[in-house]
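Below you'll find the structures, each written out as structure tokens.
Below are two complexes that have chain A in common, paired first with chain B and then with chain C.
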Partner chain A sequence: MITELFKLFQRTRDWLGPILIFTMIMIAFPLSLNIYSADLISSFESVLVISLLMIAFISCDGIFNEDFLDGSFEMLISEGGSLFQAVFEKLCASFVLISFPIALAGLLFSIANGAINQNYMIALLGIFFVNIILNSIFAFGSAISLNKGAILGVISVLPFSMPAIILFGRFLDSISSNISSINLLQLLGGTSIITFLIFSWLCSRIIKLHIE
Partner chain B sequence: MISAHNLSYKINKNTLFSGLNFDCKSGNIFQILGSNGSGKTSLLKILSGITNPTKGMVTLKGSIRKLYLGHKIPIKDYLTSEQNYYLLNGKDTLKDYDAYCDLINLNVPKSMLSANLSFGQKKKLILSKIFNQSYDILFLDEPFVGLDAETVMIIKKQILEMKKKGAGIFLTSHQETLEGDVLIDLDKGEIS
Partner chain C sequence: MLLGWIVGLLFAPIDAVQGHSYRIIYLHVPMAIYSQLIYWFMAIWSFCFLIWKIKIAPSMILSAAYIGCMVTFLALLSGSVWGIPTWGTWWQWDARITSTFILFIMYLALLTVNNSFQNTNTADQITAWIALVGVINIPIIKKSVDWWSTLHQPASISLTTESSIDLSMLIPLLISVIGVGIFLFSLGLKVSRWVIYRRESD
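Right, the complex of A and B next:
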């Protein structure tokens, strides 16, 4: 895990790029619209969801390519190492260096745009959990299309992300309407853990198939 | 240590080899010969557990530490040569980076980015694994490609050292190679 974090940290473009793009979208959104702030609030949720979806795709694009192409995975298998663990650690590293900062930035921009007025910790966790779900799904897409280009993978896994987006939309609605959102947060948290584990396993199986 | 039973491998209806049977005992060197595309790399990958054979099976006796070093070089270009060295070998290495560099004539500053290393220098870094960890079986695919004559001698010496300690070694090479105890000629389908 520490090794994967270190490797990802050294590839500045891979983790800073998605954060900067997310920040740019969040800044550009209110600047690009000549509407009243009330309208900004109502449409901010959609922009946040689409941004998270896009950033998840960008940050997972080619997440396994390097280790697949340079033979690291082959060496790991030959030494009896676990591909599942390797995938798990890679995703964990991306959650720490990409998903969490994006969740934090998402929360700050939500506050700045007036979409969230309270329950900040719940909102932060909710954005982080949906990031985990989307990243896990798109990592699976990236694994599927290891030698075919990322777009094919995205198209094939996009339907999996729809329930998460719907759930997250409900969560944001409840947060902005000051309705208790603990149940939805728990649902998001549980779903993120299950999705993360299942898709990590699926990714490891797909990578093994590619290697064979 | 490792046995192959009736191994066959096909790629797109093209049979690379079939009906291979052999046993690798402790301290054996298996030299795999064959022309380009004869299936040398595929055989090594099957034996090391990376790929599955089309038919037949590979049996490992007990818990065996094995390593496959193939054509690909798992060196991260964005890390320094020292960082790559410890990434490959872990923190508790038998030889530290400087000692290994002295041993194998790798004149690379610690802080040099691996993107600036030549193919041979990267290969030397990868081969550090066989100097720092003990393995029961080694699968070496063209281990001497890109290396200078002096380094080839050092690597050969290390391989023979591992053989003495009881490691089984499978290697393919188009160049001058070690004298193998067993020859597998994939072109002729013979094991001698």
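Right, the complex of A and C next:
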């Protein structure tokens, strides 16, 4: 896990790029409307969801490419190592270096745009959990489209993100209307753990299939 | 199928609210039902393939994807045509319509993925995994009219509760559903024969 974290940290473009793109979208969004417009609050939720989707795709694009092309995965299998563990660690590293900062930035922009007025901790966790779900799904897409280009992965897994988007939309609705959203947060948390584990396993199966 | 359509289109009574336009139900409802059923069929074959490596399963999955894609497209198209006289619009970003549109994209994605790999075994296994994971969307499509307040009406026919549709309209509808099912089954046999032939010749 620490090794993966360190490896990802060294590839600055891979983790800083998505964060910067997310920040730029969030900055560009109010500029496209009137800054004092009431539309800012009403349309912020949709912009946040779409940005998170896009960033999850960007941050997972090619997540396994390097290890696949340089033969690390192949060597791991031939040595009897666990591919699931390798994928698991890779995803964990991306959650720490990409998902969490994006969740933090998402929260800050939500507050700045007036979409969230209280329950900051719940909002932060909610955005983080949905990031985990989306990243896990897009990592699966990335595993499918290894050496086939990113588009194939996106079109094949994008429909799976629909339940997460629905859930997150409800969560944002409840949090912006100051309704108790702890149940939805728990649901998002549980779903993120299950999704993460299932998709890590699926990714390892698909990568193994590519290698075989 | 033809019997159901003839009775439905010519002899079923006129709807008090929608007039004659409701008759598209005899095409739209069977297509909508089978668009989801075919996905279940595909998912079951995917499961069988991944567990027991049944040789015929990939051909069945692929055939189902072709037919499912066509059926879902027809369901969307007939719904859209029905939308004009009843809602005054061809399209609405409503939960049921959007989720069915996503189902159509899922069928297309499966076909694209299957065609993207040179190695047939890799393509088959990846397609099966995607089909299996995609099942998560089917209950959402089914329940979308209950979970959200949508423009699309809730289900008129149910296995557990009394149907809200009159018997004189319901009987031709059931005949259409059964008829379309038989037609799709025979079409499925033809498509799967073509798929098997194409795969074997490759």
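Here is the rule we use: the second predicted complex is superposed on the first by the 209 of 212 C-alpha atoms of A that agree within 3 Å, B and C clash if a C-alpha of one lies under 4 Å from a C-alpha of the other, contacts with A are read in each partner's own complex, and residues count from 1 in each chain.
Just so we're on the same page, a contact is a pair of C-beta atoms (placed from the backbone, for glycine too) under 8 Å apart; a residue touches a chain by one contact, two chains touch by 3 or more.
Treat the numbers as computed from the prediction; the structure is a model and nothing was measured.
Undergrad: Now for A:Ser156: first (chain B), second (chain C), both, or neither, which partner does it touch?
TA: second
Undergrad: Give one of first, second, both or neither to describe whether A:Ile166 is in contact with chain B, with chain C, with both, or with none.
TA: second
Undergrad: Based on the superposed arrangement, let me know which partner A:Ile21 touches: chain B (first), chain C (second), both, or neither?
TA: neither
Undergrad: Which partner does A:Leu108 reach: the first (chain B), the second (chain C), both, or neither?
TA: neither
Undergrad: Looking at A:Met54 after the superposition, I want to know if it touches chain B, chain C, both of them or none. Which is it: first, second, both, neither?
TA: Touch partners of A:Met54: none, neither chain B nor chain C.
Undergrad: Touch check for A:Leu187: first (chain B), second (chain C), both, or neither?
TA: The answer is neither, since A:Leu187 touches no partner chain.
Undergrad: Based on the A-chain superposition described above, do chain B and chain C contact any of the same residues on chain A, and if so which?
TA: In chain A, residues 212 are touched by chain B and also by chain C.
Undergrad: Which of the residues in chain A end up touching chain B in this complex?
TA: It is residues 3, 7, 10-11, 66-67, 69-72, 74-75, 77-80, 211-212 of chain A that touch chain B.
Undergrad: Going by the contact rule at the top, pick out the chain A residues touching chain C in the complex.
TA: 140, 144, 148, 152, 155-160, 162-163, 166, 202, 205-206, 209-210, 212
Undergrad: So in the complex, which bits of chain C are touching chain A?
TA: Counting only chain C, the residues touching chain A are 99, 102-103, 105-106, 108-110, 112-113, 116-117, 122, 125-126, 129-130, 133-134, 136-137, 140.
Undergrad: Report the residues of chain B in contact with chain A in the complex, numbered from low to high.
TA: 45, 48-52, 65-76, 78-79, 83, 87, 139
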